[in-house]
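I've put the structures underneath this note.
What follows is subunit A paired twice: with subunit B in the first complex and subunit C in the second.
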Partner chain A sequence: MGRNINVNVEYLTRVEGHGNIVVNVRESQLEECRLDIVEAPRFFEGMLRNRSIFEAQHITSRICGICSCGHTLASIQAAEDAIGFTPSPQTQKLRRLLMHLETLDSHLLHIYLLVAPDLLGVKSFVPLINTHNDVVRRALRMKKTCNDICEVLVGRHVHPISSIVGGFTKLPSEKELDKMLGMLRSLEVDMKPTIDLAATFVFPEFERDTEFVALVSDTDEYPFLEGDIGTTDGPPIPKDAYKSVTNEFIVSHSSAKHCKNKRGSYMVGALARFNLNYDKLVPNAKDIASAIGLHPVSKNPYLNTAAQLIECIHCIEDSIRIIEDCKEEGVDQSEAILVGLNETGCIPVQAGHGVGAVEVPRGILFHAYDVSEEGKIITANCVIPTGQNLANIELDMKKLVPEILDRTDEEITLSLEMLVRAYDPCISCSAHFLNVEFKNR
Partner chain B sequence: MSKVKVAFFDFACCEGCQLQVANMGELLIDILDKIEIVEFREVMSEKSEDYDVAIVEGSITTPHCLERIMKIRSIAKVLIAYGSCATIGGVNGMKNQFEMDDIARSVYGDDAHFFPTRPTRAIDQVVPVDYYVHGCPIYLPELVKVLTHALAGIPYRVPDSAVCVECKLNENVCVYERGVSCLGPVTRGGCNSWCINNGNVCYGCRGMVTNPADNAQRDVLTKYDISLDWVENKMMMYNKAKDAKEA
Partner chain C sequence: MTVGNSFRSDDGVGPFIADRLAAWEDAEGLRESEGSEISLDWINAGQNPENIIEDAIARNPDRLVVIDAADFGGKPGEARIIPSGLIPESTLSTHMVPLSVITQLIADATGSETVFLGIQAVSFALGEGLTIAVQETGEAIVKFLTQDKSNQE
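So, the complex of A and B:
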């Protein structure tokens, strides 16, 4: 007689937002395998209608606390693209720094507080306070350091204040550059034991061939804020044509829309970026990738966490480079601007359509706005990385479950939870997320 | 003495306020020495229905949310609402200026019926709230202050003077002087004029003071030739939920 399994995880923990995993196996045949997104929808795209393009950044950063800098930067890029504004080289440099800080903050949170407990066999970081006190302290310290640097640069990390359409309302002084540099150096020191710890992690073995999608560019930069939409399945696509890649569709079990391109699904995030842009990582990051056995093109989604670690190394080094560059060239304080609702008309506005494409921690994020002559939003569209990954996660689950049918319910549940967590889903963003539901065996 | 059991819950929100808690750094370990966190879904797998203090983030926007918050209220001895979404409805309230069918269709098209939604309400529009930590996001020093009061069982009074008071103490140049409108004059302080200190304007995330100086504010707008419509629309970004009726 075949096996019956019913997994029903309600409100998956240690992910951002609310989601459920539902798996139903009857007579050893997989009947149902879903990731339900049960986050209460918040209708941001609808709420943005008729608001000033100069408010879009402030509002959309509230889509997600963890990714608020990423939403800020995607929103600004779309708005500036729509009204035909070109940011200064200094602004672009500091925006790259801001994006690095968010990537670091988010990846460190995921590696230490969300994933490590599974790999160390506990339910959360709390018991680790007793068993691995130095690890927990280091994790909280590194996370706080990322925040403290953001505080200097943009006022705070959660919902940044000074990064707006047109540039920055406040620019770092020389003293502040030194302060940020000092903190980045301390992160660099803490990164060494982080790498040592990560090297001890044993990730589950699982592979599935899929399409990887991430920004690609023809510069030397590992692209976070510029370039076209790259894929492992064909030539790059201009960001304006993002809809031809995302092809969003609605499924009834998820308040987050699903996406697919050439195949049934595609994957975005650290692993996709690593697979497409490996050559542009700093040499040290490449060396450590080799040392921990991560090579492009990696098809094991559990290794997304390993790719995040590699990106941390890259982001710290590149951040230090940006600040040293700022120190050498000096920061032009006269570029600081106050825009508000553009009451003074300091930013010229024209009607238009604009697209922002930014690599945020969980993958490529699109914001697209149609803007009226008066600078009001006519329509808005945001395509979220977690939403883009949902179809891919479900296809992974469908391949994984039959491969591990010989295990106990608890082991199957844990494998599925770890799989979903590896994607570092952000359900607030995608509507919000995660909970595994085993139905009867 | 046994530790006070504390549970964190979230409704419709961005979870940025819980993230602020994680951003305390090593101070968090000291706090964990004084309280026992029994549920905090974003960072813990444990769940519990036995807690003394419930710390609630997010707004009430669906029938399911409503059931959950009622249950939480019936268990918790003390309920703390934290973050604008919970205390005043926050940005979720912007939804209330549209018909619910219209806004659902604008995002989900013909499939909108899969996602029933109700006008956004703050927590105290649904159940009684004992303590408030306003802000989008919360200002961490204030959270620590409120927690201290709540654990000691004494009331916390939210500052009820305008953001301008703190802004003046911080010696910022008034942004009206620079030709740009700001909600500081009518918004509840307590944030240490966080946004203006960083070169931006106040967006009203902590809600309005109980007795705003309407006429003086009108004079300010007239003086700087800024239309009332601009400011009213701006107020709606965080303060629209307060008009919501029982769904």
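So, the complex of A and C:
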């Protein structure tokens, strides 16, 4: 007689937002396996209508407290694309630094607070205070350092103030460059034991062949802010044609739309970036990747966390390089601009359509705006990474469950929760996320 | 350690107390007076208490008093010591670290006793400024803390 399984996780912990996992196995046959997204839509696209492109980034940054810089930069990029504005090389460099800081902050918290408890065999981050006090303090210290650097660069820990359409309202002084450099050096020191800890992690063995999507470019940079939409299933696609990649569709059990491109689903995020841009990582990051057994193209979604670790190494080194460049070349303070709502017309505005494509911690983020001659947003569209990953998570679950039917309900539930957590979903952003519901086990 | 968001009405009572303490400290010139032993010290943790852990540990407190707005069904502005077991352990995510985690880290590193002082809020609505009852309690707490220090000296 076959086995019946009924999993119903009605509140998945250690993810951002609310979602449920529902699994139904009858006579050892998988009948149902889905990830319910139960949070309400947030209507940010509607809020943007008739607002100036010069204030849009302050609105969209509020989509997410952890990806506020990413939303800011995607918003700015879409606006600048729409009006045909090209930012200066200095601006682009400092925006890359800003994106690195957010990536570090988000990845470190995910690795330490959300994933480490599973791999260290405890139920949550809280018991680690007793068993791994130094680890907990290091995690929070590193988070604070990222926030502090962000404050120096853009005026606040989150929801940046000085990063705007056209550039920056304030540029770092020599003293501030030194301050940021000092803090990055301290991050570099804390990164060593972080790597040692991660080297002890034993990730579940699971693979599924899927499509990976991330920005790719012709430059030497590991792309976070520029390039076309790369895929492991074909040639790159211009970012303007993002809809031909995302192909959003509605499913009844999710208030967030699903996406698919060449197959039934695709994956975005650190692992997708690693798989598509491995050659552009700093050498040290490549060495560590080899040391922990991560090689492109990796098809194990649990290793998204390992890819995040590798990106942390890259982001710290590249951030240091950016600041050292700034110190060597000097920061051109004359580039600082005060735009406001562009009342003085210091930035020429024209009607147009623009797309921002930014690699935020959880994957590629699209903002697309239709802009009027007055610089007002007529329509807006935001496609969030977690939404793009939902269909892929479900297909992973459908492959995983039959492979682990010999395990207990608790072990199956944990494996599924860990799988979803590996994607580092931000359900609040996607619409919002996580419960496992077993039916008829 | 004061906690709270000044843009959420009475949730700002913690930062309000910190501001008043800072003004008192400036007026007394306490930081500048060489050799003075400051028995009262404070940190405004605001909305991100996870970011003050190392700073708090470095100050090595004997007793950590966490002051925050609360809703325990009391009278408006009522101040009450909240047993640590009643402090909710909100869900951990990349977006939020529970207050209990932060205070435990500080206590583990310093051996300090932790006391949670809750002030019954009237409103947590968006907006600046405290309601009268909550502000009066905030001022009374500042007075108590500063008088208490003078008495010790």
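Methods note: the second predicted complex is superposed on the first by the 438 of 441 C-alpha atoms of A that agree within 3 Å, B and C clash if a C-alpha of one lies under 4 Å from a C-alpha of the other, contacts with A are read in each partner's own complex, and residues count from 1 in each chain.
In this section, a residue touches a chain if its C-beta (ideal position, glycine included) is under 8 Å from a C-beta of that chain, and two chains touch if they have at least 3 such contacts.
Owing to the predicted nature of the structure, the values given are computational and were not obtained by experimental measurement.
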Combined model on subunit A: subunit C and subunit B, fit or clash: clash
Which superposed partner A:A56 touches (first subunit B, second subunit C, both, neither): neither
Contacts of A:I66 with subunit B and subunit C, given as first, second, both or neither: both
Which superposed partner A:K144 touches (first subunit B, second subunit C, both, neither): both
First (subunit B), second (subunit C), both or neither touched by A:I111: neither
Which of subunit B and subunit C A:H157 touches, first, second, both or neither: both
More subunit A residues in contact - subunit B or subunit C: B
Which superposed partner A:S124 touches (first subunit B, second subunit C, both, neither): both
First, second, both or neither for A:L94, with subunit B first and subunit C second: neither
Which of subunit B and subunit C A:V23 touches, first, second, both or neither: neither
Single subunit B stretch clashing with subunit C - from 27-35, 171-179 or 225-233: 27-35
Residues of subunit A that lie at the interface with subunit B and also at the interface with subunit C: 13-16, 65-66, 109, 113-114, 124-126, 129, 136-137, 140-141, 143-144, 147, 157, 428
In the complex with subunit B, residue positions of subunit A that touch it: 11, 13-17, 39-43, 45-47, 49, 51, 55, 58-59, 62-66, 68, 109, 113-114, 117, 123-126, 129, 136-137, 140-141, 143-144, 147, 154-159, 161-162, 164, 168-170, 250, 252, 255, 336, 338-341, 343-344, 428, 432
Subunit B residues touching subunit A - in the complex, by the definition given at the top: 11-20, 22-26, 28-29, 32, 37, 40-47, 61-62, 64-65, 90-92, 94-95, 98, 102-104, 106-109, 111, 114-115, 117, 136-137, 175, 178-182, 194-195, 197-201, 203, 226, 230, 233-234, 237
Of all residues in subunit C, those that touch subunit A in their complex: 48, 50-51, 53-54, 89, 91-95, 97-98, 100-102, 104-105, 108-109
Contact footprint of subunit C on subunit A as seen in their complex: 13-16, 65-66, 106, 109-110, 113-114, 124-126, 129, 133, 136-137, 140-141, 143-144, 147-148, 157, 424, 426, 428
